[in-house]
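Below are the structure tokens for one structure; questions will follow.
Letters A, B and C name the chains as they come in the text, with residue numbers starting at 1 for each one.
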Amino acid sequence: MEILPVLNYLAFFMVFAGIFAVMALGLNLQWGFTGLFNVGVAGFVAVGAYASAILTGPPEPERFGGFGLPILVGWLGAMLLSGVAAFVVAVAALRLREDYLAITTFGIAVVIQLVATNAQGLTGGPFGIQSIPRPFVEALGTGFVWNLAYLGLVALVLGLAWWALERLVASPWGRVLRAIREDELAAASLGKRAAAFRLQSFVIGCMLMGLAGALYAHFVGYIAPEDFLPILTFQIWAMLIVGGSGNNAGAVLGAFLVWAIWSVSGNLIREVLPAAEQARGAALQVVLIGVMIAAILVLRPRGILGERATVSRHAGKD
Amino acid sequence: MTAALEMAAIEGGYEPGLPILRGASLSVAPGEIVALLGPNGAGKSTLVKAAAGLVPVWSGRVMLGGRDITGLAAHRMVHEGLGFVPQTENVFANLSVLENLQLASALVARKRRLDLGRMFELFPDLDRQRKLEAGRLSGGQRQMLAVARALVASPSVLMLDEPSAGLSPKLVGVVFERLKAVRDTGVTILLVEQNVKAALAIADRAVVLVEGRERLEGPAAELVNDPRMAALYLGAAA
Amino acid sequence: MLQLVADGLVVGSVIALGAVGLTLTYSILRFANFGQGEFMTWGAYFAVSTLAFVLAVTGGGVMEPLGPFSFGWQLIVAMLLAAALTAILALVVDWLLFRRLRRGNAITLVIASFGAALALRNLVQFLYGTLPEYYSREIQIAIRLVPRDVMGGLRVTPDQMLVIGLTLVLMLALQWLLTRTTLGRAMRATAMNPALARVAGVDVEGVIRATWVIGAALAAIAGVFVGITLQIRPMLGFDLLLPLFAAAILGGIGSVRGAVVGGYIVGLAESLSVPLVGAEYRAATAFAVLIGILLLRPNGLFGARA
């Protein structure tokens, strides 16, 4: 067996795991630290991916966009646009019962999926957007070295996101967030300010998801609506729940672990099942994720790492 | 003689490791009205809720007419003959007066059921409001309905948590008169009260709970002027 | 125009049936059940199997259409069996999952329902495949009720009329159950105040089981209705989930009557929006309704209490 394909696959795997980890960090800020239930992760990821693709891609006659802007601009645009989408959702749902946010985020993800599939002039429709620029590709080619370089980039973004979140969470802002989550009285006494804090947390979390979407788009080079199906949301949730919400290390660990389980089981299905049965096998794989979410909630509600001990004794009740 | 209701060395609380009841005991003889008194936060509500099966009992016993009912599910208590009227939200606000009583009546065995007609005789105010949503009753009528709802299951012992709360002094008098009438039909009553004077006026005996334990008990007539009463209330406040 | 209204009423019937189950579980179990749509899907597919079973047992394996309808009496039997099986499925999921999480935070239940929905949906796909199925291949002749030159005309199939009619009957029956029976009063009492319900002698776990049975059975029937009027697909229930939530919130969550009215409003809105936004964005209408109601009247059209 040659070593290079294995290494290449490993780099590939790590890039994806890293991108998922950024999404999981965003979700952790929302759910783990603020108690906001976001079921539209895939939608916000899609907004980021499409935004960056449209901003940075080459012009195409049939489609809006293709501004050919620098990739960094695309990423900032991705964060901005998913932040705006998050803001709209939050304004409608955040002041209401907590499960209304779940329903609304679910809804926006459905609508974003519809737009991605149908707004040909913007998103390319079912075929999506091709030839999204990949950074450094002129210098490095598309081989192993490039994969490795992109892995470095993802690691950098992940590290930055981690660092920023740790600082945020430890800051007075983060302490207020936890107080709001754990203590309804504290939340009530803060009143409108509490709503503002939750909104900020929700928007920042979604911006991270949008950034992750952009990272994905520029790695793969093309995106299509089926990259952002609800299953993506489930995967990120599984990652957070497995790793342990309320803990950034847990979120990242969960991302790598669940992605490993997912990849291995996916490969297994491809190897073992005949071509005709592959679709059914894939369905079974998703059943596995669903059962895993449910089982961990029942058996080990704090995940593998659980919430860090700095948090008060109420933590387990969430 | 077996007590109608006896609680012995009850320990319990809402969260493990945070005991609210620390060995509380009390006993109510058949046909008695016993007032359960004590400063705010003493655990009076928690004690009656524990007896009713709404708060976990970690140790100790609850005996009803000599039968051990400790730890039974709350809805089973009704069938055993223990009635409970919580302090707040004690009627189904979205059901009519009649439906409140019909539900309570339908849930117990036929031979336990009290005739709804007789209930309306006991509480004529309610009779006129049969079709009204319970949430729209006045405070006093709501309290009557809560008592009536519990009585429909013909309990041998009725526990009430602060039935005078939020009522005008006149209404308190009316409600307590009804309670006496209820006792005269043979129902034993355990009455949690903040309103010490009113409670001691109708009670035969009283128990004072402080920090989850009974600290004083005796005939109501004697406790009215007992200086230790004031001390217990003040001590808890300090 | 008339045609769109009629189509909206058919879809609205399905949404209403599903939303009633959603609102019941919400008011008694106190969480938004993302699995409600899957009960529709499972009901529709269960009926595929029970229909095959009934046809096999009654000999011949063929279904003679009943009067003007596209299906025979066997499908009615199959539908009832499917409703029973779906109710059992809901009880099993509750027993395995939700029951164990009831003491915790409500939002944990929402996440759990999310995971359960995912597993259930893909299990259907695993068991039945992704190709659309039909109960009957009979071609139905639509009856022209209004000639073409009056408001665009109106053609309705007997199946569609049956769906609307049966939905109304079911809703009246449910209304009777909730207001006239001890179970119904116990359900309303539990929704209002579970602790008091227990004190009054209500076996709350029993009420919860009854709620699952009713909600899942109605969802299953709604699923079969989709199968009769359109087709049966694994995404059938998932695609209806957003309209269900929109309908339940529109009617004021917890209100059965509100869910029915909300269901028809969402169904009509979806149908009438088709000429405006195109059929492909039909599903976005439910979202627009949802956002609108959340911004303007978050307690729903009929919800008074906050």
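Please note the rule applied: a contact is a pair of C-beta atoms (placed from the backbone, for glycine too) under 8 Å apart; a residue touches a chain by one contact, two chains touch by 3 or more.
Just so it is clear, the model here is predicted, and its values are computed rather than measured.
Because contacts link the chains only in sequence, without closing, their graph is best described as a line.
If each chain is reduced to the average of its C-alpha atoms, the one that sits nearest the average of all protein C-alpha atoms is C. The greatest centre-to-centre distance from chain C, using averaged C-alpha positions, is reached by B. Inter-chain centre distance (chain B to chain C, centres taken as mean C-alpha positions): 43 Å.
Centroids of chain A and chain C (each the mean of its C-alpha atoms) stand 31 Å apart. Chain centres here are Cα averages; for chain A and chain B they lie 54 Å apart. The set of chain B residues that touch two or more partner chains is empty.
Of all the residues in chain B, the ones that touch chain C in their complex are 52-54, 73-75, 77-79, 84, 86, 89-95, 99, 102-104, 106-108, 149-150, 153.
Chain C meets chain B in the complex at residues 182, 185-186, 188-189, 191-193, 195-204. Listing the residues of chain C that touch chain A in their complex gives 31-32, 34, 96-97, 100-101, 104-108, 110-112, 114-123, 125-126, 129-130, 238, 241-242, 245-246, 249, 278, 280-281, 283-284, 286-287, 290-291, 294-295, 298. Residue ranges of chain A in contact with chain C, taken from their complex: 35, 37, 39, 92-93, 96, 98-100, 102-104, 106-108, 110-111, 114, 117-118, 230-231, 234, 237, 241, 279-280, 283-284, 286-287, 289-294, 297-298, 301, 317-318.
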